[in-house]
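Each of the two complexes below includes chain A, the first together with chain B, the second together with chain C.
Showing the complex of A and B:
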């Protein structure tokens, strides 16, 4: 939906005020003549906004007051226009000649890419090529790549950076409820009496959701906020209780909270009897009983959890009492502090346990809600199945029936889809290292900076026998500098497609301006590659809207069913929540709830049906405390963790192009507790060398008592001081998500 | 929460020009005031907590401070576009409706800051004495152990 300035004003301004506007200079200061509805480019909150254009240039943004963000934008969103005309926008293809990347035509670059793919497949088989995508790509782009690689090139070696950010949440939902994605929505924030924020610096990573929590705390009665985080982040400013603990020990804390809920009669035994099963171990282990669970919890007294975690027992008791108080609602939110862990799936399970034993789920204000870091990790990659073990919309590569369904839907011969899952992210880059993957296509992401233990994988990408294609809007990045071919990708307001954010809300981003220079949308580039590789019949699309029409047909009859979400409806709306199985269905705020979720029969005897599980019961898992993969010792005595600053996003390829943000927190510092620093003779601003078992990196020191003693914290975005040289590439055995959040380092003055 | 001896030099550098700008002596055209060079590792509040403590505290305890709507959102960068008094277009990104309403004849001669004092930016219904932070019970936690 594009609108003129006058139309925009009609929408945005109060009628009484507008009547006085006439042809006045409203908004003339920013010079926008046309306003186009879109979605923010940054985090997984998915804030609606209008992009203002004049003379083919983006000149301003306005929050969409009719969207969930109520017109508000965070500071990064407000500064979005500057990324479009950044000096390091890549305006033409580049190919490597010797040591240099030199300008090339599209035909030369794409011809080279296609030749190399063809050659790899002919010589080494389809699994010698791979695609590494992004939760920032549009749904139609991820879909095109997924279909081309799985049904065309016949490899499942397609994964993406959502593996690094929310795979733990996915596996948590799947193991507990049998279906992925949150059951609640942002509106639950407005009804919650208690918030438990675990491993989430919401104030900086999801500022607009944080503002909604702030509004709820201001307007609600005795609303409580509990923050569980080793660091005292800006999120803790509004906390009534901040529980700091030794990294990796929150499993003990959550089990102890469950212990208190049972000990103090705060559980809902009727709900448990009707809706809950109990399990231990893997998927075949759902054979435990409530008695087994209570016996398991007996060991997790608050005192023992305090001993294991360094938290205070009385704080654990308080958190549990607030969470469990009868007649009050409770909402959990969590993010990378839980997911980016080698026991991340277990930690997710334990959060769900608290909701299931108290029955605080599926009513307004009571829900477990995972926060997502990227704008389309959910919609494009997770739901669309653009991961190595998935097929679109809840289907699995390893499931014969699912493969047959997709072969029929894609109109390809039976047996086309390979039955073996491809490489998950870390395994994929290890396969590059081992020479098993010869040609890798990276789209819209920056693994040369963002992978854990990044030196190892930078070396792999630079190998002589590895051919690296990078499609990027900016150059150089820490990945494009390693590439053999760099393709200039259109950016955000230059292209059209769908984003799906953390609450199952799908939204259309409309193109507002033409791509800069010779840049092209990734959708076009992938269709071009398909043509060159002889798979034009798989991607016959003229526009992303054509692909969307096909996508709708894939969701019919699945738990995602959004066949009612036509392009036109997306254009007219300010976000639609699936399931939405018909053109007249309003969308679903709360899944599994009778009367709200269209998949639950209207005459179901129970209010909630966890239909993802065979017995319609969600699983409470018995998950013991287990430490991180790497723990501190005499040689590496400090815990090391990383995270986000509000001013910058991911690897800062976009935010460093905003003049306001270049002057704010651009350089990552090593944050140390003053007492630790004093013992090491380190003063504020000194250069310090941090060493892990993998690499050494130098930072300036920042002394702050918001960091727990024994812990070093570094922002993740700085391309010149890369925190991921030190992080560990150990992964969760179920989700394959790396343990970015915890490893061990030593610190010395440089 | 942060010890900041390394930034003390910057604070000292900031104090003079900002004090001067308050008297208008270093103000350029359009309300612009030169901002001293900054350390790229710093954020606004690290220096302004000491350099302009009253404004900092009002901002920090107000709605913008809680929500981390930092100085540069309103004032621009520390480069040539820095403005001591923000223009309404800096507000319009989030408050388009309210900015548009300022065009009404009854609002002639007024701007956003006529009613919303610059750094606390109190909502209409709120007493200026009650900061957002106070209404939230913010910063009441015991020191971290």
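Showing the complex of A and C:
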């Protein structure tokens, strides 16, 4: 039977939509296209999909109905084929000659890069070079870079953009439970009776998770959704209660919720006694008592929290009652509104506190669950230890035993690994500014647009004595335009590797097409660099699969143990959740739970064992309300915050290449409350100048009452109106994550 | 011409009402649903921009629609 292409597409489209509904009608393919199982390139949800190819080109995608996303994808995911053949795909290496970047051969470009690395190390020592990686790189790529720099070049100056998005969540998990990564899973959404979404515009940033929450709200009994966000975002559309507040005051609100839980007898004292310790200050401060905590909370009455935050006291009480109601489950989700703060770790701690004092943790539907911005920040960088203070799979640079263990696993001489942590992201770019770092390799990320107070660091990257290598699939970006060498990187369906998403789910991306032009996978480029620098024995891999086999050996016996996650098993599966210590282990939906988590002994006397800490207890931290690093004043009277739009992603290097997304909402607008605008004589569409203590940027105004009075919101995606010229580069002292979400600006009509 | 498979999420119990409104449109073929809150459609649009506008319009104009989730997007032009 012959079928026109259009008929085929209609049949495929109908079958795909029906399949997502659970219909048994089979997907009809005409044999012209090949479908390869892979994972979405965008956010940290990790949606499974199939990429369709024809004639060596990517022509379509469809959702994987057997994966957690049940066949659904957001529009960005569906438009992925367009990015593969975008006009600004970089197809060959570029090197700087004077003011221009000109075409070069791979050998010339890589020779230059290797020479520069060698010179820097010889003249200024190993810490004069650095690597800045990405939560979008494949696990094997981040692993290759981590091993080359730490064990080969002998510097710990390797960090990545997950420092900008989830370091607060990491430090929150570590300080509370002693181990990183969430204990729950997406399936918990289907069992939750109450959702508390804090600092997360889930509807736009994680639309498929939002869809799952919507479904739960429809199907569950009296399911409640509480949204804590200064803005009334599209997520608040499904909220039963939206609590708006002055930016930076949510610590008071969360303490007040805990106050209500105790005051109204909604805590689980048996759980607290068995599973909870109390602390204040740094990691050595786990020496407080329940009585200390209750005394601490006494100051946080809902009335006082309301006074501090601008929220309504009765709303805080309602949120606490819903969260704490006995016999009902509660799930917290949070994202950048919590993490991108100078008090982000504390805010994370306070979310965990609510679960620990109520015992609403480790059962289906009850869990704290941090959402993730990038597709492999968890798997590749966080778990893989590709940050300046980490070694792979929970090991620390500063821990002598961990270094010795890694030296043995990597078969390098004792003492190879430097004992001092390297520079975290902001410190790294400051070291470039100060001339301490001479050569910087940036892979798969765009710091020339994404760093806070970005003008400062753009200047640093352009310094005469700084050599900037950028490996990137697109050119120009706001970073590649500053580079001395730009290496054309293969993109998404052009390469193979593993992504690990927010729920500890690891999935294999299989290559579906050959790289465009002369582009090469970052894995190959790094192995090439290793060879040129004389470290070929460290990266002897022929394929990413070889590296994966080595990675498996590093996890054995750790809290991550996924030695049962062979390449073949990943190929056959639709995602696997660690720990998974053997080929027959099914994976772990909920950590710390006896009978689910293989690390908890089957005969453990308690159902939950927080084995990350020596006493097997999680820590409830006494964290007072503290303001943001920069607050409004007479000169800078408006709060300034940034966020995401559903149509775009990060610095839009990919989404701006989709014509329908470029058409939709790429321009960053300054969203102002109509009453604020009226006072300033600003009308919808007027040009307005926003000035912070760091820079001035002009935007068109959009008037909307979804923004609080006194607050200006700008989305983060527009390369031509960069919101980060204004943001502050103050960091959380524990996580070193910058406070993107809060600073002060003044507003005037341009 | 762009062809898309789309799942539309509606408020509970509104699938039939939303379907009834959708079938009056020339650019939509309703292909199924769960009878409660989800409708499967095939949509045709001149290009991707029109498809995006179609999706945005559905959510903006119909208060019973909570979300529009493509499950497939294809272009009937042969790949370049």
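Observations, loosely collected:
Here, the second predicted complex is superposed on the first by the 718 of 750 C-alpha atoms of A that agree within 3 Å, B and C clash if a C-alpha of one lies under 4 Å from a C-alpha of the other, contacts with A are read in each partner's own complex, and residues count from 1 in each chain.
In this section, a residue touches a chain if its C-beta (ideal position, glycine included) is under 8 Å from a C-beta of that chain, and two chains touch if they have at least 3 such contacts.
None of the values given here were measured: they were computed from a predicted structure.
Using the contact criterion defined above for the overlaid structures, shared-chain residue A:85 touches chain C, although it does not reach chain B. Of the two partner chains, chain B is the only one touched by A:232; chain C is not. The partner that reaches more residues of chain A, of the two candidates chain B and chain C, is B.
When the two complexes are overlaid on their common chain A, residue A:290 makes contact with neither chain B nor chain C. In the superposed model, A:363 makes contact with neither chain B nor chain C. When the two structures are aligned on the shared chain, A:599 is found in touch with neither chain B nor chain C.
Contacts of A:750 after superposition: neither chain B nor chain C is touched. Shared-chain residue A:669: touches chain B; no touch with chain C. Contacts of A:396 after superposition on the shared chain: neither chain B nor chain C is touched.
Residue contacts after overlaying the shared chain place A:59 against chain C, while chain B stays out of touching range. Taken together, the two structures place residues 9, 12-14, 16-18, 20-21, 60-63, 71-75, 78, 203, 207, 210-211, 214, 218, 237-238, 647, 659-661, 663-664 of chain A in contact with chain B in one case and with chain C in the other.
Residues 1-7, 38-44, 63, 66-70, 72-73, 76-79, 81, 87-89, 92-97, 100-106, 132-133, 135-141, 143-145 of chain B touch chain A in their complex. Put simply, chain A touches chain B in their complex at residues 9, 12-14, 16-18, 20-21, 24-27, 29-30, 60-63, 65, 71-75, 77-78, 203-204, 207, 210-211, 214, 217-218, 232, 234, 236-242, 244, 312, 645-647, 659-669, 674, 683-685, 700, 702-706, 708. By the touch rule above, chain C contacts chain A in their complex via residues 1, 3-7, 9, 11-12, 29, 31-34, 36-38, 40-44, 47-49, 51-52, 55-56, 66-67, 69-76, 78-80. In the complex of the two chains, the chain A residues touching chain C come out as 5-6, 9-10, 12-23, 52, 54-55, 57, 59-63, 71-75, 78-79, 82, 85, 203, 207-208, 210-211, 214-215, 218, 237-238, 647, 658-661, 663-664.
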